[in-house]
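Several structures are given next for inspection.
Heads up, the next two complexes both have subunit A, just with different partners, subunit B and then subunit C.
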Partner chain A sequence: MNAPLSLLKMRFLTGLQYRAAAAAGILTQLFFGLIFIMVYVAFYTHNGAAQPMSLKEVVAYVWLQQMFFALIVLWQFDVELFELITGGNIAYELCRPWRLYPIWYAKLLAARLSSASLRCLPVALVVFILPEPYRMPLPTSPAAFLLFTLALLSGLLLVAAISMLVYISVFWTMSPVGSVLMIAVAGEFFAGMIVPVPLMPGWMQTIAGLLPFRWTVDFPFRVYTGHIGVREALAGIGIQMIWLAALAAAGEWLMGRALRRVVVQGG
Partner chain B sequence: MRLYFKYMSILFKSQLQYRTSFWLLCAGQFFVPFTVFAGIYFLFERFGKLPGWTFHEAALCFGVIHMAFSVSECFVRGFDAFSNLIVRGDFDRLLVRPRGTVIQVLGSNFEFTRFGRMLQSAVVLGIAVSGLSVQWTPAKIITLILMIFGGVAVFSGIYILAATFCFWTVQALEVANIFTDGGREMAQYPLDIYAKWVTRFFTFIIPFGAVSYLPLLYILDRTDGPDLLYMAMPLASLLFLLPCLAVWRIGVRRYRSTGS
Partner chain C sequence: MSLITLTGIGKSFKVAKRSAGFAEAVKALFVREHTIVEALRDISFTVREGEIVGYIGPNGAGKSTTIKIMCGVLVPDAGACSIMGFTPWKDRVRYVRHIGVVFGQRSQLWWDVPVIDSFELLRDIYAIPPGIYRKNLDMLTEMLSLADILCTPVRQLSLGQRMRCEIAASLLHDPAILFLDEPTIGLDAESKIAVRNFIRTINRERGVTVILTTHDMHDIEALAGRILMIGKGTLLYDGSLSELRSRYGTQKTITVDYKAGASPIDVPGVQCLSWSSGRAVYTFDSDRIDITDLINRLSAGGELADVEIGSPPVDELILQLYKEHRV
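Then we have the complex of A and B:
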């Protein structure tokens, strides 16, 4: 097996060890989901019919958010990697006979996959049998579900590429605090984690459309509910791929530059 | 009390040593709830109003709860991060000193970067107050202040309760996040928009309703019944805090060191 793949597997297995944390996470996710849905139910009693998204679609959106939280949320960073850079251990990493970008990228993917796989199924089991109006609706068609899976996975690849850029920025800033916080806050908002993108005002949606973030959360979720049709979804996955290629290429290039002028910190 | 301020000034100085990082974190703490508030604003813009509540009324509720949350996160952080003391065995050191455990744990940690969050809540409160057509009598101002202090008491009670469980579990219980972060997310809206069981639980068990929703009715002149009862509601938070402190005492008595 080649290096990035076996690293992915190792990290995945390590992540699976934290079962108690996952159990707590499941309860938290269910509670938050319920609260958010209650808020939307209250909003929809007034003027709900005229909205670009039905309440059912919002419910699905909220539950998908909670189920795949660990997969798509930007606000999840590997402190180890930051310490590699600021602590100087990057020197060891550079001695190893592999390219750094794919290795780190695999680490990030594995961490996300393992924590999501522990949480996703239990949450799913509960939310599909909740009473109305909290119940999670089924996907509109098998095609929609298939496309959703594809879109979600390429969304995951995209999130990892975005967070790689954040790690690389630390080579310049040396303090993860600023860049992480700003990108996470803005990214989360424009991804539709706080308010679904179609419910934002028009000008905000335009901004969200210009940024890569909404392709990681908003797009796959709306494919699930059928809010985005099959043909549009196929085109969307194409756009995801273009973003992915662009961000990964930018990451590789920036990392190359950063490593050429890297100053090893500490002793 | 003097001891508490002494702890505070020492930790404040030590956190200010990393000045840039401190200010950046403050700014970040400002923006995190800012996006949540922006989300609420957009929802109100789209839907017009919540059943029975306008944007500014909801903003008042949001401001009070977030202010209480950030104050308690800053000044009661010692209990929030208590599992560190247990895991490292540092709690033993506190026990041999001739002072109470509560004050020492309180003084063990402060999170001054929450100033950013407090500032954000203050801005929201300002927006809410300027947008409401409420006659601000002294009684109402006192009620508003009581609401914030009551909220701090509720959040502190939850932190203390969660910290007490560390005596048995050593590790911090993540489930407590449901009541702190979850409680904040929930109580930032007026409580009556939720399902009955949520409203009841968060009024009678964990009294978020008593510090936000009920006194809010008084400020907005929607009470039916004696005003004084609504005004005094935030004091119910003490009924929550005191048992939490009592449980803490039991926990301290049962404490066995991790021995590290």
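Then we have the complex of A and C:
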């Protein structure tokens, strides 16, 4: 087995060690999903005007958020990596025959995949059998579902590349608090985690369009609901790839610079 | 042929500084004052294959910095370093396959899972062929008596057990050089001796070159044929322990037990440290006083029951060396 796969395995083993955390996660996801949908139901019932997204689409959007929360939420950071830098265990990291950017990237993917896999299925089992209007709708077409899967996975790659920049920033700031808070607030909002992007005012949608964040949440989820059509979805996956290449290249370059000036904290 | 060559290695760190107090803290918000700390200055030495080298010096002298430069973790500001033909910080990824590292104050094992899972992860990271992994694991398990603890999560191990696992983890991939940064820190006597014996054995039987830093002079006495001493970032001494002994260790103590009541004896050049009717302790310089002669003269005070001649502990020699160089 090669190193990234075996890191993934190690992650799963660690995740399984904490069963209560996974169970609590599932309940939290269901709870927040229900609350959000209640708010939207009230909003859609008492607001007669036509909205850019139907209630059904919004319900799917909310449940997808909750199911794949661990995959795409930006502010889920791996404390272990921060501690490697600020606590000085980076020394061991650099004694291994691997390049740091790819392996940390793999670690981030492993962390997200393992934590999502423990939550996604149980949440899915529940939300597909809830009573209307809370029930999770099926994808509009097999094509939409296939494209959604692709878009979600490249969204995962993209969110990991964005968060890598936050980890690398810690080499300079020595504390994750600032960079995490900034990116969490801005990124979460413009990704469409709080309000779906189509429900935002026009000028805000323009800003969201210029940033990479909406390609991680808003885009894949609206592909699922069919709000974004097949042709548009294919083009979107192309744009995701361009963002991914740009962010990974920037990260790799910054990481090289950071390692040249690395200081092992704590002797 | 030398395996490790360091020439003129220098490294300095920028350290942010501020005095205590609220006003100072507010000021530091806008203007940061930095001082440059020179951690290493012009360090040069060579190590041959199969040597065990003890690297000593007071806290903050630059031992760990040197080790980290040799492991490819830190990039020095000046100088050159060639280890097995590699420059550690330039060829890091290819180079680190050939070395094993233990930082005594850190852990390379995954905290939450059993030790054996960490070992298997290391096997995958280093792409160790299954046959070699099996063989090394069996050997290390036996030599470090790990059989009972391999399946225990790391967080439940005692420090001594964990250190044995750390050392095993650093040797799974057959490294040619082993860097040990304070491998015996915090260990009890039994674990210390186990670790020392193990280091000696792998050096002798597998020809692993060992560089270790320590504050425990017994480690040095038991292991290192050669010591490098560093203080305030410069190399102060490079030579064997016995050389150091003959240079500074000529001061000896002699303890004499008398059978019956005896009277104190005055010998010129010999200082009496304590005297009671049954026992006397003297200290003298073995370069100037002949030991046979001294014993003869002491026996004039009464019938001797026991005589014990001791060298000062290595700790004191080192302290003397530190003092001489004002570090």
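The criterion applied here is as follows: the second predicted complex is superposed on the first by the 265 of 267 C-alpha atoms of A that agree within 3 Å, B and C clash if a C-alpha of one lies under 4 Å from a C-alpha of the other, contacts with A are read in each partner's own complex, and residues count from 1 in each chain.
The working rule: a residue touches a chain if its C-beta (ideal position, glycine included) is under 8 Å from a C-beta of that chain, and two chains touch if they have at least 3 such contacts.
Quick caveat: nothing in here was measured; it's all calculated off a predicted structure.
A.B. asks: Answer with first, second, both or neither: which of subunit B and subunit C does A:L7 touch in the superposed model?
C.D. replies: Second partner only.
A.B. asks: Thinking of the overlay built on chain A, is A:E188 touched by subunit B (first), by subunit C (second), by both, or by neither?
C.D. replies: first
A.B. asks: Just to be sure I read the superposition right, which of the two partners does A:F32 touch: subunit B = first, subunit C = second, or both, or neither?
C.D. replies: It touches subunit B, and subunit C stays clear.
A.B. asks: Where does A:R96 make contact in the superposed view: on subunit B (first), on subunit C (second), on both, or on neither?
C.D. replies: In the superposition, A:R96 touches subunit C alone.
A.B. asks: Of the residues on subunit A, which ones does subunit B touch that subunit C also touches?
C.D. replies: Comparing the two interfaces on subunit A, one with subunit B and one with subunit C, no residues are shared.
A.B. asks: Taking the complex as given, what residues does subunit C use to touch subunit A?
C.D. replies: 13, 64, 68, 71-75, 92-94, 96-97, 99, 101, 103, 105-108, 110, 112-113, 117, 120-121, 124-127
A.B. asks: Applying the document's contact rule, which stretches of subunit A touch subunit B when the two form their complex?
C.D. replies: Those in contact with subunit B are residues 20-21, 24-25, 27-28, 31-32, 34-36, 38-39, 42-48, 51, 175, 177-178, 181-182, 185-186, 188-189, 194-195, 199-201, 204.
A.B. asks: Would you tell me which residues of subunit A are touching subunit C in their complex?
C.D. replies: These residues of subunit A touch subunit C: 1-3, 5-7, 9-10, 13-14, 17, 88-92, 94-99, 259-264, 266-267.
A.B. asks: Looking at the complex, which residues from subunit B come into contact with subunit A?
C.D. replies: 20-21, 24-25, 27-28, 31-32, 34-36, 38-39, 42-43, 45-51, 171, 173-175, 177-178, 181-182, 185-186, 189, 193-195, 198
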